[in-house]
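Each structure below is given as structure tokens.
In the two complexes below, chain A is the common chain; its partner is chain B in one and chain C in the other.
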Partner chain A sequence: MATQQTQTLARSLLTPAVALLFIWMIVPLALTLYFSTLHYSLLDPGSESFVGLENFRYFLTDPAFLASLQNTLVLVGSVLALTILLGIPLALLLDQPVVGRNIVRLMVIAPFFVMPTVSALVWKNLLMHPVSGLFAWLTKLFGLTPIDWFNDVPMFAIILIVAWQWLPFATLILLTALQSLDEEQKEAAEMDGASGLSTFIYITLPHLARPITVVILIETIFLLTVFAEIFVTTGGGPGLQTTNIAFLIYSQALIQFDVGSASAGGLVAVVIANIVAFFLVRIVGRNLEA
Partner chain B sequence: MGQITLQGVQKAFGPVHIIKGADLDIADGSFVVFVGPSGCGKTTLLRLIAGLEDVTDGRILIDGKNVVAVPPAKRGLSMVFQSYALYPHMSVRGNIGFGLKMAGLAKDEINSKVEAAAATLNLTPYLDRKPRELSGGQRQRVAIGRAIVREPKAFLFDEPLSNLDAALRVQMRLEVTRLQKQLGTTAIYVTHDQVEAMTMADKIVVLNGGKIEQYGSPLELYERPNNLFVAGFIGSPKMNFVTGEQAAQQGAVTIGVRPEHLKIERGGAGGWSGTISVAEHLGSDTFLYVDAGPLGMLTVRYIGELSLSAGDRVSLTPEPNRVHRFDGSGNAIRA
Partner chain C sequence: MARMATTRRVAVSTIGAWLAGFLIFFPILWMVLASFKTELEAFAIPPSFLFFHWTLENYATVQERSDYLHHAMNSIIIAGGSTLIALLIAIPAAWSMAFSPTKRTKDILLWMLSTKMMPPVGVLVPIYLIYKTFGLLDSRIGLVFILCLGNLPIVIWMLFTYFKEIPRDILEAARMDGATIGRELVYVLTPMAIPGLASTMLLNLILAWNEAFWTLNLSTLHAAPLTTFIASYSSPEGLFWAKLSAASTLAIAPILVLGWFSQKQLVRGLTFGAVK
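What follows is the complex of A and B.
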């Protein structure tokens, strides 16, 4: 890409793809911006009128907004912590040479291929159901009262489900990183008299810093928009206990049929995602610099 | 103290026998080089001594104590790896001091020892750099610093110079030798390069196919090789081997003459005659590859310049007391 000619050629070849992506993204964004300034209710068609920033004021002052913002952060933070804290030991185990290692790896990675709706249904009806679920059966086996997961600890239940889905992803990334750790480095540490724990703390963990950063960044992007698990299990309730920003916007648009304030909410979510991304890149992003 | 003795050491990976019984006595303070072609087991033998591999059979004594069941760190040895194996996220200071930190030394003590080691190796200006900010030779020195700072009973080097370019290798060769003499610590050095072996070693162990072929000083190996393998492996260019009638006349199956022990004369008279096929003029030496008919290709090394060129007829006369004789199984026949 050195000469003027190849640069021009490159630009003209890239143009269609860039233009398509641009239109693909700019049209929905522009429409959302436009809708967010309208009084636009599906229950009252034909009454659309310009209301300025009224939708934003309504969305941001809604008590549900702060509650769902908090829920979003709790959900993202807890799932990140769970997947990384469990992913590291799991990856370390899977890195050991055992019989049938490939099959074990496949089994561990399997949850990632189950679609969120299905896994939420499985958890809801087969595992966490207070009457017929596996967990209820187990607790009754010990003579205890079964937990009604989605009523007693709804947020915890959602966190469990989402963490179960994302644990394989974290494990997989960390496992591949472990496999790239130079064997001679571990041997050098062994010669230096480092115990297994010291080797982990001083050699393995620093080596994992970068993949952990990658896991945090990628998971955050997806965890900010968790929806299917909530929709299938708790429907955001009880009350607002499991409503995150994504679910709140959904309920504005398709439960209250208020397209205007849902659009405003969508734009607020974009801003929030950018704020989170900004801090994330500040805190963990420097690990990515080579 | 760092006296190392191997007694009948064997190593097998499953059905594959890598080390088929090694007996060796390494004196305190000596520089011993393991040399051999790739796959001969020299690195495995080093790793057995280090404790990174378990022996299948036999005993390894360090200062008279059997260490076969002792973990690597407790054997009091330190190792320089082929890839250097520096810790990438630690500074040079952290790398050199890691072993001391693991041994639980106080911070001040670690710092003074690390700085002393760095001064020995001219690394003082780089103490706070990361390994990736260093050149190959500097990384090599950090790896050596990591080894010397623990004041081990012996250093183990696993082909430490193979990743350096030729000029740097010669320089580091000198530095390693000088450092070892200065510290007086036993060193075991693995290489496949016989020039490195000859120049650095007090004693050389020639390994082939998991067996020790010969153990002796460089000149012993050069002058009195035990067998065909050692004769061919030590010395550059390679020793010439002649079989058949010429060998039978001397009461041997094979005779060997080093290229520098062949007297070359212009013209075809006397000794073995042949035609020069390639002549290499280096100024200090002249290497001549002579096609000697039924005797095969013979290499001749002449010290200094010799104005012969390809196609010239020459005659070759081996120096009579420099001819090595070998029997049918390749072992040397000593008069």
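What follows is the complex of A and C.
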């Protein structure tokens, strides 16, 4: 009846969102692509010239690139491992009958709502300061020498901070998945004499496979571009020890004002993120049909 | 016998869970405590846990010295503004895809999702230059705009999943009764969509409030929201921990409260409905 009319209306309602997102995606990306082929420094305006793939050669052969790629992988990999390996037992624990479960849940998810600049600075100063931090005091209590976190193990320090921020996310998703697990199935297994461990391995873990995949993919997308935590704690240092790809591009663009090279780096980052995104979109898409 | 075992199990898991919860929450608690100490006590070794001279002095100083309220207002305008605009654009889009789906709806949804996957750093250079050209650097409107675009895919997705759950029979019944699309929207759809709208708004406010890539790179002083303001505490060394803690506590308190209300929606929103 009103189908034709409804269809037209539906399309016109959808258009603004699609158009905006399309512009948002295409224009900056096209500009990045364009800049990446130029010799373009903000310190030397007016000297822009076409250099082909020179920026990519420069960016990709820059020792800083390899170092930061490695740092990015270490950061993403370690945080993923920590959040999932700690998140599974934590979610299992919260799935048990616990007195005051709601309060415990609130405490566990709280770090996720703390803005990155706050968590980084609180950890850096109040907890990890080599002289007056709480950790230093604790290590001295046990008669050990305090660690100078941001000089001795800077990357590890950042990994701890970021893992603390993302542990609640992993836990919450795994907990949500656990709560949808069929209780009867677990009870049946227990009746048949399955031990707690084999129930976990053969029933719970397979059920968690999908949520774990989702956690890995989503966290990876956000972790690939960790920025604020590095910006306010180490500034990428000492040396290049905590420079990840995101921070490297930032420093080339806004500290060294090398637009061409930073753009080439930006495209490299887009490619890396797209590889991850490809898998995530497939999983979500499959879910959409179900 | 069985009952004994259960009681013991509850006791063990309760102790374990509270211990884990306390450890995870501790950094926040420690920060809140430090905000009520004097600078000397915040820095002191051995640290005092509860028995120190409680003071509100830091909260007053933070406002006097650095105009905290100005930055808080920026955060409210930027997070609130970007959320409202995103909702205005997203509601019609999600409505249209949920109730008049076409063959391409799924592809459009996935494409929207994929725009969220683009790392912001990949487009930092052009955005920075565009903003510079148009005088949008360190402006609230510039930040509202970029955060709105950045979160638009999540908003559309969340609304879509909520709208999808509204039973279509009701709409059809309304149509049978001769309701126009406008009436259908106002009298039938809106009341049923309000819970979903509220949770979407809540999650988006949280994300925008805490966003710390664009805010750090595109604002310095005038438009600086709390993320950038707190970052300014990273440079000076020395006796500033209590003030940092007070400023931080104020910055995260409202969002912590909102966040606790929206835990369920958080999972749904951030996994794009892949985990429910």
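Here is the rule we go by: the second predicted complex is superposed on the first by the 261 of 290 C-alpha atoms of A that agree within 3 Å, B and C clash if a C-alpha of one lies under 4 Å from a C-alpha of the other, contacts with A are read in each partner's own complex, and residues count from 1 in each chain.
Criterion: contacts are C-beta pairs under 8 Å (C-beta built on N, C-alpha and C of every residue); 3 or more make two chains touch, one makes a residue touch a chain.
Being a predicted model, the structure only gives us computed values, none of them experimental.
Engineer: After aligning the two structures on chain A, examine chain B and chain C and state clash or fit.
Structural biologist: Overlaying the two complexes on chain A (C-alpha atoms) leaves chain C and chain B fitting together cleanly.
Engineer: When the two structures are overlaid on chain A, which partner does A:A157 contact: first (chain B), second (chain C), both, or neither?
Structural biologist: Neither partner.
Engineer: Tell me the contact category for A:A170 with respect to chain B and chain C: first, second, both or neither.
Structural biologist: In the superposed model, A:A170 contacts neither chain B nor chain C.
Engineer: Given the superposition on chain A, what is the angle at the CA centre of chain A with arms to the CA centres of chain B and chain C, as a multiple of 10 degrees?
Structural biologist: It works out to roughly 80 degrees.
Engineer: Report for A:V232: first if it touches chain B alone, second if chain C alone, otherwise both or neither.
Structural biologist: second
Engineer: Would you sort A:V131 into first (chain B), second (chain C), both or neither based on which partner it touches?
Structural biologist: second
Engineer: For the overlaid complexes, name the partner, chain B or chain C, with more touching residues on chain A.
Structural biologist: C
Engineer: Please work out whether A:E187 is in contact with chain B alone, chain C alone, both, or neither, and reply first, second, both or neither.
Structural biologist: In the superposition, A:E187 contacts chain B only.
Engineer: Per the contact definition in the header, classify A:Y202: touching chain B only (first), chain C only (second), both, or neither.
Structural biologist: A:Y202: touches chain B, not chain C.
Engineer: Check whether A:P116 is in contact with chain B, with chain C, with both or with neither, and answer first, second, both or neither.
Structural biologist: After superposing on A, A:P116 lies in contact with chain C but is clear of chain B.
Engineer: Using only C-alpha atoms, work out how near chain B sits to chain C after the chain A superposition, in angstrom.
Structural biologist: 5
Engineer: Would you please give the residues of chain A that touch chain B in one complex and also touch chain C in the other complex?
Structural biologist: none
Engineer: In their complex, what parts of chain A are in touch with chain B?
Structural biologist: Answer in residue numbers: 182, 184-185, 187-195, 198, 202-203, 206-207, 209.
Engineer: Which of the residues in chain A come into contact with chain C in the complex?
Structural biologist: Going by the criterion above, the answer is residues 2, 6-7, 9-11, 13-14, 16-18, 20-21, 24-25, 27-29, 31-32, 35, 90, 93-94, 96-101, 103-127, 131-132, 134, 136-137, 164, 167-169, 172-173, 176-177, 180, 210-211, 214, 218, 221, 224-225, 227-228, 231-233, 245-246, 249-250, 253-254, 259, 262-263, 266-267, 269-270, 272-274, 276-277, 280-281, 283-285, 287-289.
Engineer: Going by the contact rule at the top, pick out the chain C residues touching chain A in the complex.
Structural biologist: Checking each residue of chain C against chain A gives 9-10, 13-14, 16-18, 20-22, 24-25, 27-28, 30-31, 34, 42-47, 89-90, 92-93, 95-97, 99-100, 102, 106, 108-110, 112-115, 117-130, 149, 152-153, 156, 175, 181, 206, 209-210, 212-213, 216-217, 226-228, 230-231, 233-234, 241, 244-245, 248, 251-252, 255-256, 258-260, 263-264, 266-267, 270-276.
Engineer: Which bits of chain B are touching chain A when the two form their complex?
Structural biologist: Its residues touching chain A are 50, 52, 71-74, 77-79, 81-83, 85-90, 98-99, 102-103, 146, 150.
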